[in-house]
Amino acid sequence: GCNDKAGSSGASRDYISAVGSSTVYPFATTAAEEFVRANAGMKTPKIESTGTGGGMERFCQGVGAAYPDIEDASRRMKKSEFDKCVANGVKDIVEIQVGIDGIAVAQSVDGTKLSLTPQDLYKALAANVDGKPNTAKTWKDVNPSLPAIGISVYGPPSTSGTYDAFKELILLKGCEADPKMKAMKESDKDGFEKSCTDLRSAPYYVEQGENDNLMIGKLAKNPNSVGLFGYSYLEENQDKVRGIPLNGIAPEYAAIASGEYPGARPLYIYIKKAHVGVIPGIKEYVAEFLKGAGEGGYLKAKGLILSPADVAAKANATAAAMTTLDGADLK
Amino acid sequence: MPDSISPTGTPNPKMTARNVSVYYGDKKAIDNVSIDVDRDNVTAFIGPSGCGKSTFLRTLNRMNDTIPSARVEGDIKLDGEDIYSSAMDVVQLRARVGMVFQKPNPFPKSIYDNVAYGPKIHGLAEGKVELDTIVERSLKRAGLWEEVKDRLTDSGTALSGGQQQRLCIARAIAVDPEVILMDEPCSALDPIATAKIEELIHELRGRYAIVIVTHNMQQAARVSQRTAFFHLGNLVEYGQTTDIFTNPRETRTKDYITGRYG
Amino acid sequence: MPDSISPTGTPNPKMTARNVSVYYGDKKAIDNVSIDVDRDNVTAFIGPSGCGKSTFLRTLNRMNDTIPSARVEGDIKLDGEDIYSSAMDVVQLRARVGMVFQKPNPFPKSIYDNVAYGPKIHGLAEGKVELDTIVERSLKRAGLWEEVKDRLTDSGTALSGGQQQRLCIARAIAVDPEVILMDEPCSALDPIATAKIEELIHELRGRYAIVIVTHNMQQAARVSQRTAFFHLGNLVEYGQTTDIFTNPRETRTKDYITGRYG
Amino acid sequence: MSGPALLFLIVGLGVVGWLAGRAKARGFSRVGGRRALHSLPNYHGWYVALWAVVPPLIFLAVWSALSPSLVTDAVLATPAAASLPADMFSRAAILGEARSIAMGQLDVGFNPQAAALVAPYRTAISYYSSIGAVGAALLLFAGWAYGYTRLKQDFRARTRVERVVMGTLLIASLIAILTTVGIVLSLIFESIRFFGMVSPFAFLTGTHWSPASGNVDPDQFGAIPLFWGTILIGAIIAMLVAIPLGLMSAIYLTQYAAPKVRQWMKPILEILAGVPTVVYGYFAALTVAPALRDFAVMIGIPNASGESAMAAGVVMGVMIIPFVSSMADDSINAVPQSMRDGSLAMGSTTSETIRQVILPAALPGVVGGVLLAVSRAIGETMIVVMAAGLSASMTANPFASVTTVTAQIVKLLTGDQEFDSAKTLAAFALGLVLFIVTLLLNIVALRVVKKYREAYE
Amino acid sequence: MNSPDALDAAVDRTPTDWNAPDMQARIRRRYASERRFKYVGLSAVAASAAFLAFLLIVMIGNGIGGFTQTRIALPVDFETAPISVDPDLLRSGSGEAALANADFQGLVEYAATAAYGPGANQYFSDGAWVLVRRQIAANPDLLLGKTVFDLPAASDIDIANKSEGSAEAERAVKLLDSRHALSKSLNVAFLTGGDATDPALAGIWGALKGSLLTMLVTLVLAFPVGVLASLYLEEYAARNRLTDIIEVSINNLAAVPSIIFGLLALAVFINLFGMPTSSPLVGGVTLALMTMPVIVIAGRNAIKSVPPSIRDAALGVGASRVQVVFHHVLPLALPGILTGTIIGMARALGETAPLLLIGMRAFIADPPGGITDPSTVLPMQIFLWSDEVDKGFVEKTSAAIIVLLVVLLSMNAFAVYLRNRFEKRW
């Protein structure tokens, strides 16, 4: 039977396995190290940076030693993902928000200063605007108040959570500003999403690999390009790139923490409750996560932003009680 | 026609071949050859290049088995035992019917190990002492002992060509064979080394039945007592060496030994 | 001793070699040879294998330059010009002193291109028409025209061995050389093809100075007017072919041509 | 009895069998004289040893696959197991842990419940392992006895033993076929599932590639941009670098260089082929790409990207240089010296000889080599993953970013490993295309090269 | 044959005048082109060699610093420090818990501030406090007085100390330098540690060990199978369909892109057989499948080069075919087989792509204890580090590349040595 599959092959794992967001990855790995330092005898968790979506799929594949215990996510779990989890027997999932990430829109410090709105970005990058192929070549074509610099945006690949966040937080917002599209949203939601998020290809929108460092280097060398990446990379490379204000608000720590900056998103971890108490160390690891994400923790050092106090308190409570997620809350 | 040649002339043959044909794939290389190999004499196979001497020689210890396309028909007996019967073990057959090749081919091992190899795999020696005895005796019989006794651990390939060939003969002798087949053993050697080998063949005669293939008619005349002349896969004539060279019955033989062709 | 041989006997030599020695690394392959190559006659080089015939032949058009270890000492002149002097251009020298090799070596190109190759690289033809003329004339002189005129675009390697060798001769002729060197040009050919080449040499005589290396003494006797006998890197004897074959001065020559060794 | 001890015992008894067989055979030879024995005593020994050792080992292999589930069933049947949680995963984990403690692999359990199950586990394990041990022992002695009794004076032990050796060799060779079959089946199997969702036609001819998780939209799976990127990088840019440099290096080293130079330069150039691709990828991304981008900007090329086809292609080309040059080297060397002599004797210069005689003659070999190089280049992964980018665009601008089949396979499969999503399966379909293309290239290339070799043999 | 004389009347021309000016000009042109061609060839060789040199120089330039580590002296006065651990407790054996509860992080922060001013905590590597704890565990007497700990610097300080860093870091270095607190030493942690998020603490031993274990699995599987298969194909196989299929399979496997092996491993070993992901076991099996054809091909060439006369000789004294092979052919072919094996192993050691697909692209900090533990390998570690945000990893990546190249080049050099040493011409 299925019980001896894990039992007989001795497949009970003695280390934690976490998958998911590349944004949370640096924090998760540091937490893993601290967890080992604080808990003698524990093995270091194995952490794979698979992207939120990819991680979700693996996380939801089932309960058992062969499946990950923890999913790091740079967005909230989707209803569809939750349903898939449930269908595969992963019924009890604990959701904890660990912090906030900002999607930085940035350019080289040497470039002509830009200030954009989500609408500008949408108009510059959408494959079709107003049902016609996008012909804008320079930012000025998009918005006469902007300089006549060629549009060239480096962004994350369509599979990453950063891209998802960019889509949700910026593109769709910008798209909605168009009344026609807004109308479409009401009538044909799928069509709306598709036409809003169908992006132009290179040279306008250039999909980048996972290596955001390269993107920074590229921006530094090409002052006229615009880059989209995690806030941490912006902070790490202040000497080379600067944030571009969105709606007049620059991607700075305070603005992101307060939710004022449009490109901010919460970060979560999801825990398979069935694994707690079976795989050694999950509780302690989660505790370490929250410790690191707390006041004075190293979350900040990783370029991420602390959750507001109320959210943090809720997270601590959830972790302590291992309260499970109600699928109805999800979209 | 081959039937018209008496294969015998030897009262007590060591080996007998009857109606032997050999094919390489579809090509017939030996056609219906019958011949007896005498116990106490040296038999020479002569004939122009490609006439099948080597092919026939190799049927006598089943070395042709290693060529996938080769196929042998007819009867070959060693002391009355059919060597192609399933009861005959080819490994033992080759121990009993040794072979020396055209190009000296010592193993890239020490001189001692070259000679000891055969006795070892056949389990002919009970221990080191006995093995030493066999090695020494074989090298002595091959006339090489005096030259190598102080350097038995040297590589066999470090010897001169003639010494190598004698080493190969010693190696063949070491397994105590009954027949020794030699395929142009001197053709890669200089005249002095050749003379040594011929002398050696002379000494070995009587102890082993010897068959030698040669291109060199003078050599055949010098070392053998019986000669078989092959042509285009046929055995043309077989008899006393003196008869063949002085008084051949067939014109083809005559033409060959007088140098008309070949 | 080599000095005792008169290199001359030809009033108006095309090429003259004086005290030529050739080394391969430290090994001396040609020792102090002096010889004249006659303008209107065929000169044959004979001698046992390894005596240096090819080596010496290749010094005459500096093909030895391509062997890194080879080194030539002494004087060789072509129409009085020192071919090893720095003023002599090796590329032009080889156009003037053509060469035909033992194994036919047509280029893997069409018959036409094989012959046109030399004229093209040397710029001997002004245009297609002139090139056609040269190709046709060369093939005619080499006695190959009739056989190949309908298939000039076929590959040169598709011809028979004898035809290939004649193609190589045509190729050499096409650059309008003054001397043609042939290194055992018939040794890879059957008797019929050989006869054709010999006939061809006969016809080319007088138009080109020809030097031919051969193993076959009958051939030397048939095609050449002068013969040089080499032995162990030395020029043993040089003179009229008839004299060498009927009345050799040196015993070594005599032994060789009567087949005592070689 | 523990596994290692059992193995030790089996091997030990095998050795005893070997000694016994040999001794028995020696006895024959004393009776019948030396030649009486068909095979050396050693072979008799091996015969017995094989009979003694092989059957129990096979039995144990099978038994060790079967017995754990028997053990678990036995444990579950004990009263101690009644208190196990119903949830399968915890059950399994607790059982597994109890098992590990029982087998001495673990000192203390993480799950307290495991402790109660240790004793039942011990009992069950020892019960079933005794069955295994007894079974193995029976087989061992039976085989031993069978082998031993068969030894006779004229018994052909060597033939038997050698048959086993030959069987082993054959099995080893069959692994190559198994691997190939494994590759082909796994690719085809998953690809069929993919083509159930996306039509092969849309996949092979579509020009839009942006697979996303979730619902399947066949329009997202047009692989043409990937094929184009692969060709641009592997078959065009890399070859533009590798063919001239490789060919000219081979020509220089074989035709001009002094032997000493050749002797040193050849291995040095071969180092280029030995550098791991991840190093090339890093070098391309870190050093070459930015430099090329600067250059492109300097000469005014639009859309120059830091992850350019050019960077990946150039570095890949460099990696392939030794490959092309050694293939060219082989082909040039296979052109007979007489051909070269013939040309030189006509009064042509070395370069004329090379260009007009040697290269045309060597061409089939060189072409074959280039085809092999192309197949290497289009299958190369790390360089493109790190330096070529992921934008599936059909640009002909070498300074823009393109993506390749291999880069997309990696992209699609790292992370999302759930096996029924079209995204994952698409990777296998891409793999299948890649496999078929490289296979065809190789077959054609090898055939060309072989034909060419035969021409000069 | 036509009479040449008749021919001449029609078409003969004047003999070529080789000294005519246009001929001489032509010759000069031809020689010029000859020189050009030669220089093109030379430049091709030079360009290839230059690229290699450039690559090596860049890697060494970037990476050599990775083998050293900037350390900062941190004086701690335990009399005043905000930490209370009883040294007697430590000696008593129940120290573990005492240490675990003590706030060493706070201690380091306090001491750093005390010594170098506020914010000086940032100068030290994130894991520095762990080292303090370890030292105290080893020698509880340290708690009794003043001690100076020599702790690894944070990576930006490290960079600033070795070359050019950020303005802030340069200021810090100046300050520390003026206090003679900086030192540089061999980075032992790099050579003995596993992966870490802090470049100052990250090491390659975990990856190297993973590589060694993976190679072990590869060797154990690929070598015997490869050798046996090559023996079978070269010495025994009759020419038939089966042999043909085996041959074709092997030749094709040697040319299949490595990523395909990753797909196979994912589909078969992981999904079908449920072997543990990220483990040297799966990695080794996958690479073994790739290496085996290389060994078979090298093995067959080596076996082929053993002259047939040796086989004849052995057969002639009555050796069986198995004896011929195992007594004569195999020993003579072994150096060639080994050479091929080393080259194949070197290739496997540098391989990354197939391992990406079997979960080796992960943060794995503990060096693997066995072949089923999660593990990464050297090239994968390079790939992972090349992707890291922290600039300190640039140096580490190149340093890891140096380590990998050193291992690979020595393997290749050994193979070349073997080949030259045992190359036999019979």
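Brief remarks follow.
All chains are identified by letter, namely A, B, C, D and E, in their written order; residue positions are counted from 1 within each chain.
Rule of thumb we're sticking to: contacts are C-beta pairs under 8 Å (C-beta built on N, C-alpha and C of every residue); 3 or more make two chains touch, one makes a residue touch a chain.
Predicted, not measured: the structure shown is a model, and the values here were computed from it.
Shared contact partners of chain A and chain C, listed by label: D, E.
When chain centres are taken as C-alpha averages, the shortest distance to the whole-protein C-alpha average belongs to D.
We define each chain's centre as the mean of its Cα atoms; on that basis chain D and chain E are separated by 18 Å. Separating the centre of chain C from that of chain D, both taken as means of CA atoms, is a distance of 57 Å. Each chain gets a centre from the mean of its Cα atoms; for chain A and chain E, those two points are 33 Å apart. Annotation for chain D: residues 158, 285, 349, 352, 385-386, 414, 417 touch two or more other chains. Within chain E, residues 30-31, 320, 361, 386 each touch two or more of the remaining chains.
Looking at chain A, one finds that residues 9, 48-49, 211 touch two or more other chains. Here, these are the chain pairs in contact: A-D, A-E, B-D, B-E, C-D, C-E, D-E. The touching residues of chain E, when paired with chain D in their complex, are 30-31, 33-34, 37-38, 40-45, 47-49, 51-52, 55, 58-59, 224-226, 228-229, 231-233, 236-237, 245-246, 249-253, 255-264, 266-268, 271, 289, 292-293, 296, 320-322, 346-347, 349-353, 356-357, 361, 379-380, 382-383, 386, 394, 397, 401, 404-405, 408-409, 412, 416. Only residues 29, 34-35, 37-38, 40-41, 156, 158 of chain D touch chain B when the two sit together in their complex.
Residue ranges of chain A in contact with chain D, taken from their complex: 2-12, 14, 19, 48-51, 53-55, 57-58, 60-61, 63-65, 80, 150, 152, 157-159, 201-203, 206-209, 211, 214-215, 217-218, 221-222, 274-275, 277-280.
Residue ranges of chain E in contact with chain A, taken from their complex: 96, 100, 126-127, 130, 166, 194, 196-198, 274, 278, 359, 361-366, 374, 386-391.
In the complex of the two chains, the chain E residues touching chain C come out as 1-2, 4, 7, 11-12, 15-16, 18, 22-23, 26-27, 30-31.
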